[in-house]
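Below you'll find the structure, written out as structure tokens, and then a few comments.
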Amino acid sequence: MTTGPERQGEPAGVTDPAQPEVGALARTIEALLFVSPHPVPEMALAEACEVELEQIEDAVAELEQAFEPGRRGLVLRRVAGGLTLATDPSAEAAARRLLSKPRTPPLTQAQAETLSIVAYLQPVARPEIARIRGVSSESAVTSLAERGLIEEAGRSRFGATIYRTSPLFEKVFGLDGLDALPDPSRFDPTPEDEREIRERLLSAGEQRADQ
Amino acid sequence: MTTGPERQGEPAGVTDPAQPEVGALARTIEALLFVSPHPVPEMALAEACEVELEQIEDAVAELEQAFEPGRRGLVLRRVAGGLTLATDPSAEAAARRLLSKPRTPPLTQAQAETLSIVAYLQPVARPEIARIRGVSSESAVTSLAERGLIEEAGRSRFGATIYRTSPLFEKVFGLDGLDALPDPSRFDPTPEDEREIRERLLSAGEQRADQ
Amino acid sequence: MASRLDLDLDLDLDVFIGPFDLLLSIVLREEISLLEVELGEIVASYVTVLEEKGELDLEVATEFLVLVAALLELKSRLMLPGVEEEFEEVEPAAAVEELIARMLEYRRYRDLGRVMRDHFESQRGYMYRSAPLPPEFRRIEVETAEQVYDPDQLAAALGDLLEPPPRPDLSHMRATVSFRRRLSVLRSALSRRARFDFDDEFGEEDRMTQAVTIFALLDLYAKGEAVWDQTEACGPITVRRMTNSRMAEAS
């Protein structure tokens, strides 16, 4: 198994690879700021590291030097009563390009099934999605909505959220409108219309849920 | 060559705050890895930075030195086919205190067996897992899916859910890809193993019969 | 006189992770000689343990029992006088070969599982960033988005869902080949008659049901409720009720 990157290439600005950049406490604080989703007050750092506040202050001063703008790709900021790491603004354009393509996550099967139900039956309420798949589909619905592939389209008579696909969905699937969705595969004969699809899906879903 | 001073206590390497740690491209990559929720392949870095792959490779080599274990609070890892930043394990206890996040439980033996079957045979259907293990593997499969280590990858002809390992699996196991799994052939049974089991199974129990 | 039931195995059936794990452990323990009744009993008790733990996969367990039953049959043939000289010539049945192959296959994943577990432990100290994306990066702009997914993926997913799952009818199997059910069928047969012929009683049943019934019989034997006679390999089996002192009769 590989454990980490191999050491390779020529040193550039780095003079002594073996030497720590900052003290151990400062390194721990760097790690804490990295994993925390929110800015961390120094008092909370002191508690997590089980040291006195003054020691934290000294270590933070050390870190501030190491993170002086221009030295690294990240900067150390004081916001909302705490410390946090953020990307240096110079990287913003590249970050935007990196994140503009949903290349990273291929759809999971749960997401693909959920998305296909929304795409073919829209608008469709969340409980119906669960009935068809035979399992609760909450996390798949949530992640599809977060990624902007589906969006809320109101509420059903019973208060359930109704979903439809978004314009982004058509774009990332290269569809020129919803009429361009391919016929459902692996099923012969192909159901005639949407109502028939819906009925068959629900009856298959019931059987799945029973097992 | 020095082997490095004590890894704790006094500030060490920070001498000239104005000097960049690494080159501009390496700093941008550092920022991209920080902001991306998933490991980033070098090709994607090249596109985002609008440079050639070779330039990325050089800059990554530079970063790898800067992030050599022990130098910073973070380390640079190659997992799941891409590069990502992670905390140095020395910060784990403090990070768990900060996030009030208990250590995830270790894998049970049933989970570990099930995970190795999925990892090596993927995609694999649930009944096949049960067949190899000789017991129902439903709860092991469910908990591995809940932990995000395996995910659904479709349905078999018989409607059974098929599983594969997830990108998170590679991440938490620190694997650069499935190729980095340990070579299973070292667990191949030898002819001696086979002979021993056959003889023991078929031995007629003479000693007992003598009693 | 030592009872054959006094196994001396010191087996805690709860610690085994599955039937192949159990079988491998027993088989590789040098001090144990595998008399067929003992093995059958252990396997039968283990199936009960699995059922109690809710880990019994009936289809898989039945397959396993059929393999072990084939092994026991082969062993009993080997033990018959007159066959022993020809030991070398006796070809192990295909079922036994399959049992061995299955044990070895299981063992590979058991050992790989141990490696994975250790590796998992060694990697748990690394923590990754889980903070959500900064708001300005969260949504892909529709204008700049490109096609990255194949629409056929949706058609395939919907096709999967349209297909009703075939009913493997496990509920039916559970009802008819439950180990517990076979136990109670045997008990009620024994309560009606002190002895009966196995084939007369169960000859009509399918192979899996018969195999599970044999294991239930082993369990009754272990509990001292029944014994059986079989004078020749593959010959008729006479099941007899036992009332008290099973040791006296069994020895």
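Going by the order they are written in, the chains are A, B and C; count residues from 1 in each one.
Operating definition for what follows: contacts are C-beta pairs under 8 Å (C-beta built on N, C-alpha and C of every residue); 3 or more make two chains touch, one makes a residue touch a chain.
Since this is a predicted model, take the numbers as computed values, not measurements.
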Seminar exercise, completed: Per contact tally, chains sharing the most pairs are A-B
For this session: Averaging each chain's C-alpha atoms to get its centre, pick out the one most distant from subunit C.
Result: A
Problem set entry | Chain whose averaged C-alpha position falls nearest the assembly-wide average | B
For this session: Just give me the whole-number Å value for how far the CA centre of subunit A lies from that of subunit B.
Result: 19
For this session: Measure off the straight-line distance from the CA centroid of subunit B to the CA centroid of subunit C, and report it in whole Å.
Result: 32
Seminar exercise, completed: Distance between the CA centroids of subunit A and subunit C (whole Å) is 42
Problem set entry | Residue numbers of subunit A (touch at least two other chains) | 1, 31, 34-36, 95, 99, 103, 109, 208
For this session: Return the residues of subunit C touching two or more other chains; collapse runs of consecutive numbers into ranges.
Result: 119, 127-129, 133-134, 137, 160, 163-165, 168
Exercise. Which residues of subunit B touch subunit A in the complex?
Worked result: 1-5, 7-14, 17-24, 26-32, 34-38, 40, 44-45, 47-50, 57-58, 60-62, 64-66, 68-78, 83, 85, 87-88, 90-91, 94-95, 97-99, 151-155, 159, 161-162, 166-167, 173-176, 180-182
Exercise. Considering the complex alone, what residue numbers of subunit A touch subunit C?
Worked result: 1, 31, 34-38, 86, 95-96, 99-103, 107, 109, 112-113, 115-117, 119-120, 132-133, 147-148, 167-168, 171-175, 180-187, 191, 197, 200-201, 203-205, 207-208, 211
Exercise. Mind pulling up the subunit C residues that touch subunit B in the complex?
Worked result: 1-2, 4, 17-21, 24, 27-28, 33-36, 50, 54-57, 59-61, 63-64, 71, 74-75, 78-79, 84, 92, 96, 99-100, 102-117, 119-121, 123-129, 133-134, 137, 160, 163-166, 168
Seminar exercise, completed: Listed in rising order, subunit C residues that touch subunit A in their complex are 119, 127-134, 137, 139-142, 144-165, 167-168, 170
Problem set entry | Residues of subunit B that touch subunit C when the two form their complex | 34-35, 37, 75, 77, 84-92, 95, 103-104, 106-107, 109-110, 112-117, 119-120, 127, 130-137, 139, 154-155, 158-159, 171-174, 182, 184, 187-189, 193-194, 196-198, 200-209, 211
